[in-house]
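Order of writing sets the labels: A, B, C, D, E and F. Residues in every chain begin at 1.
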Amino acid sequence: MKFEIVKIEVPKDCNVILGTAHFIKTVEDLYEALVNSVPGIKFGIAFCEASGPCLVRHEGNDPELREIASKKALEIACGHSFIIFIKNAYPINVLGKIKEVPEVCTIYAATANPLEVIIVETEQGRGIIGVVDGFKSKGIEKEGDIRVRKEFLRKIGYKL
Amino acid sequence: MKFEIVKIEVPKDCNVILGTAHFIKTVEDLYEALVNSVPGIKFGIAFCEASGPCLVRHEGNDPELREIASKKALEIACGHSFIIFIKNAYPINVLGKIKEVPEVCTIYAATANPLEVIIVETEQGRGIIGVVDGFKSKGIEKEGDIRVRKEFLRKIGYKL
Amino acid sequence: MKFEIVKIEVPKDCNVILGTAHFIKTVEDLYEALVNSVPGIKFGIAFCEASGPCLVRHEGNDPELREIASKKALEIACGHSFIIFIKNAYPINVLGKIKEVPEVCTIYAATANPLEVIIVETEQGRGIIGVVDGFKSKGIEKEGDIRVRKEFLRKIGYKL
Amino acid sequence: MKFEIVKIEVPKDCNVILGTAHFIKTVEDLYEALVNSVPGIKFGIAFCEASGPCLVRHEGNDPELREIASKKALEIACGHSFIIFIKNAYPINVLGKIKEVPEVCTIYAATANPLEVIIVETEQGRGIIGVVDGFKSKGIEKEGDIRVRKEFLRKIGYKL
Amino acid sequence: MKFEIVKIEVPKDCNVILGTAHFIKTVEDLYEALVNSVPGIKFGIAFCEASGPCLVRHEGNDPELREIASKKALEIACGHSFIIFIKNAYPINVLGKIKEVPEVCTIYAATANPLEVIIVETEQGRGIIGVVDGFKSKGIEKEGDIRVRKEFLRKIGYKL
Amino acid sequence: MKFEIVKIEVPKDCNVILGTAHFIKTVEDLYEALVNSVPGIKFGIAFCEASGPCLVRHEGNDPELREIASKKALEIACGHSFIIFIKNAYPINVLGKIKEVPEVCTIYAATANPLEVIIVETEQGRGIIGVVDGFKSKGIEKEGDIRVRKEFLRKIGYKL
């Protein structure tokens, strides 16, 4: 068994969501979960079929994001993994609906940070074992940092 | 720390679900989640208790599947992991209810494919770090593949 | 890429929950999920911000648990991971609400056992790849063990 | 305003589910929720569109149940209400997925009993105000009744 | 058809939850949902079976609350309705888990206020059509009231 | 007991959601559920406190919608009911998150149609017993109507 890194640069103003599911219907169900979540959302979805033709299955309502998702999924090439790029919406708006899709197993990341997907490859195939999402922690927030964080969340209207 | 593979061959007409939870009550709660999901479902469940006697706890309504689940769980031997084999039902029918079981943490796979469980072993014990579910992607689906996929999902009645 | 273990000793009468999310709002949302779950719960939460200042963000209603969570999160230092220590409540009481928090991606463990967090470190940063939760399985439960388990769950009132 | 009763006789081996939702997409989404729930389920769905042409929208995979649902929905005629008849499955198998459909507001009944739908009619239109589901309570169960109930649930495999 | 009021006085330090479900298994499933939610919770549950013997089915871990629930359910006597009295916990702690119980249809009230259950009775049986929960609104909160409300929620630790 | 109708005209490009919950914290929790759901959503929320000062509690990020919600809630005046007006988003985008708010009991309507709230008033107070949402059904859709409906849902991108 050997380990490998696939790097994902998230396009400007986009976010990426990486997870696993288990059926080619996943791409249509994820499509519907996303259009149900936010009016005006733009996205591309790709899913690595894990048997038969083993194709990267893809859907979306933005050709560019659909192409990026497809190419990155082929690079990842881990059976039953999926990758989604979204624009005009944030992961917080869609993650609940994605977790409820009946085929979805787990979510590895939902982020706008540079992402490294850590992959194991065996004779049989490939699997995700984890991700490096953004950067290493530098310290613990202090009183002043907490105040700034709270004010920021209230200023952008997420908290009262 | 060393890495190891446990191979799982899914019996004919069955599917396997692999995840983690955190309490011996898990086997009874998973039992109920499964009988609530599909009339006529047959299944075996096993859960790796992670403290005290560290036994593989098991339940089910099919003796054969219960035995396979127990043996495979003992081979995996990762604290708080569980494995379920189901027949007369598909993961899509049961995964929602399993994710809602209050002890369940995450789902690693739900599949009929050959599955490799990637395990880390330390002095303290063992843990799942990922799975190889089926096979490596071979290419991106083209227009014709998309048409066939959509027609197939509509022919088997999953989509309108 | 190199692998590393961070060891977590859970304080007496406490439990630890380890997972990933994706936004500094996570600490406030996890705070509310926990206070909504159990009257009298005591807890500390810490979350590894993965961009900008990359600080460990923390909240809680128990100064000691908040400090332990913060220190352990800094030791883990994996972008977008979170760690929670709870007292006067069990994971079974809070896990459902945590899984529903809109930023939460996955849960790696919910346990009172000694926990080893398996981490990958790359040039970019760090990521969780799995956990060793408690100890290795020692055998499969037999008829007598099953009877004891069932009686125990009924005696403590979890099952009828 | 006047009150009215619509009586529903549930066909043999069937169950009926009555609720409210808010969009013509409901019939397709309920269709998918049902096919995702149980392999071999047979059903008919009807939904009372509440604006524009105000048609009873219907879907299903069993022509007879689809027709019964449509006729009963037209008799009910309450804006945004839906009615589902299912066979080869029980409400317990499907209700969770129905409650998660994003358009669904509430569920009034899920039953095999004779059902009376209590309706208010105003100049503007009609609305469900409640249901009479089966029959009036006759007494409180005693020790012996409790024992029989518990044994029955364990005999049919719903509880351990 | 005639309308009737059943009055419910909630015992000191208790809350009542009123809803509908559809199966005698409901009392065991609600029992488990409640014990899973809060350590130390005390409660009584009663459910109006709507066919066959039409008994009030009951469970609980507090004999007094179980008796009150049973008596009130018999007074309500509406097929498939349930009533729960809880102590040492608040509705906010348990309502999520109750809504997830697979037999539960809807929740009419969760309150410590005096409650009036509005019931319709027909020749066939009885049904809940609504509740009067507490008292009529007296006015719209002003700036000062809002400030007091926010400070109160932060003082008792529900909000940050 | 007497019955009464409160009429709600939904402002242009808006939708209204009507339901019941059980705690003054509801207005803050609904606020957060809504801002988490759709970027750019505008809304007003009002909730009828049912004890103590019995004030209409309100929040929102659009002063006009907040005022309409407050006035309508006072007119409804049913203990523990809430009303939400939303703009720049549809009920389908927010209903899932609202149903998950821990205080929420049930949803009576989510609609852009004219809405009549049917209310019972007793000596104690007031309660919602149902709604007339839009208009009465005029007929059952035929083959041609079904085709138009399906094409419409696919044209606006909700289905594939």
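The definition used in the following text is that a contact is a pair of C-beta atoms (placed from the backbone, for glycine too) under 8 Å apart; a residue touches a chain by one contact, two chains touch by 3 or more.
As the structure is a computational prediction, the values presented were derived from the model and not from experiment.
K.L.:
Where each step is a move between two chains that touch, what is the least number of such steps from subunit B to subunit E?
P.N.:
The fewest touching-chain steps linking subunit B to subunit E number 1.
K.L.:
Since subunit A and subunit C are copies that touch, is their contact same (over half of the numbers shared) or different (under half)?
P.N.:
Different: when the shared numbers are divided by all numbers used, the fraction is under half.
K.L.:
Work out the mean Cα position per chain and let me know which chain is farthest from subunit D.
P.N.:
Farthest from subunit D by mean C-alpha position: C.
K.L.:
Nearest whole angstrom, what separates the Cα centre of subunit C from the Cα centre of subunit E?
P.N.:
32
K.L.:
List the centre-to-centre spacing of subunit D and subunit E in whole Å, with centres computed as mean CA coordinates.
P.N.:
22
K.L.:
Multi-chain contacts only, two chains or more: what residues does subunit B have there?
P.N.:
Residues 28, 36, 92-93, 96-97, 99-100, 102, 106, 129-130, 150, 158-160 of subunit B touch two or more partner chains.
K.L.:
Which residues of subunit A touch subunit B once you look at their complex with the stated criterion?
P.N.:
Those residues of subunit A that touch subunit B are 1, 20, 22-25, 28, 46, 48-51, 53-58, 70-71, 73-74, 76-80, 99-100, 102-106, 120-122, 124-130.
K.L.:
Write out the stretch or stretches of subunit B touching subunit D in their complex.
P.N.:
28, 31-32, 35-39, 59, 61, 88-90, 92-93, 96-97, 100, 157-160
K.L.:
Provide the residue numbers of subunit A that touch subunit C in the complex, in ascending order.
P.N.:
3, 5, 91-93, 95-96, 99, 106-114, 116, 118, 129-141, 145-146, 149-150, 153, 158-159
K.L.:
Within the complex, which stretch of subunit F touches subunit C?
P.N.:
So the residues of subunit F in touch with subunit C come to 36, 97, 100, 102.
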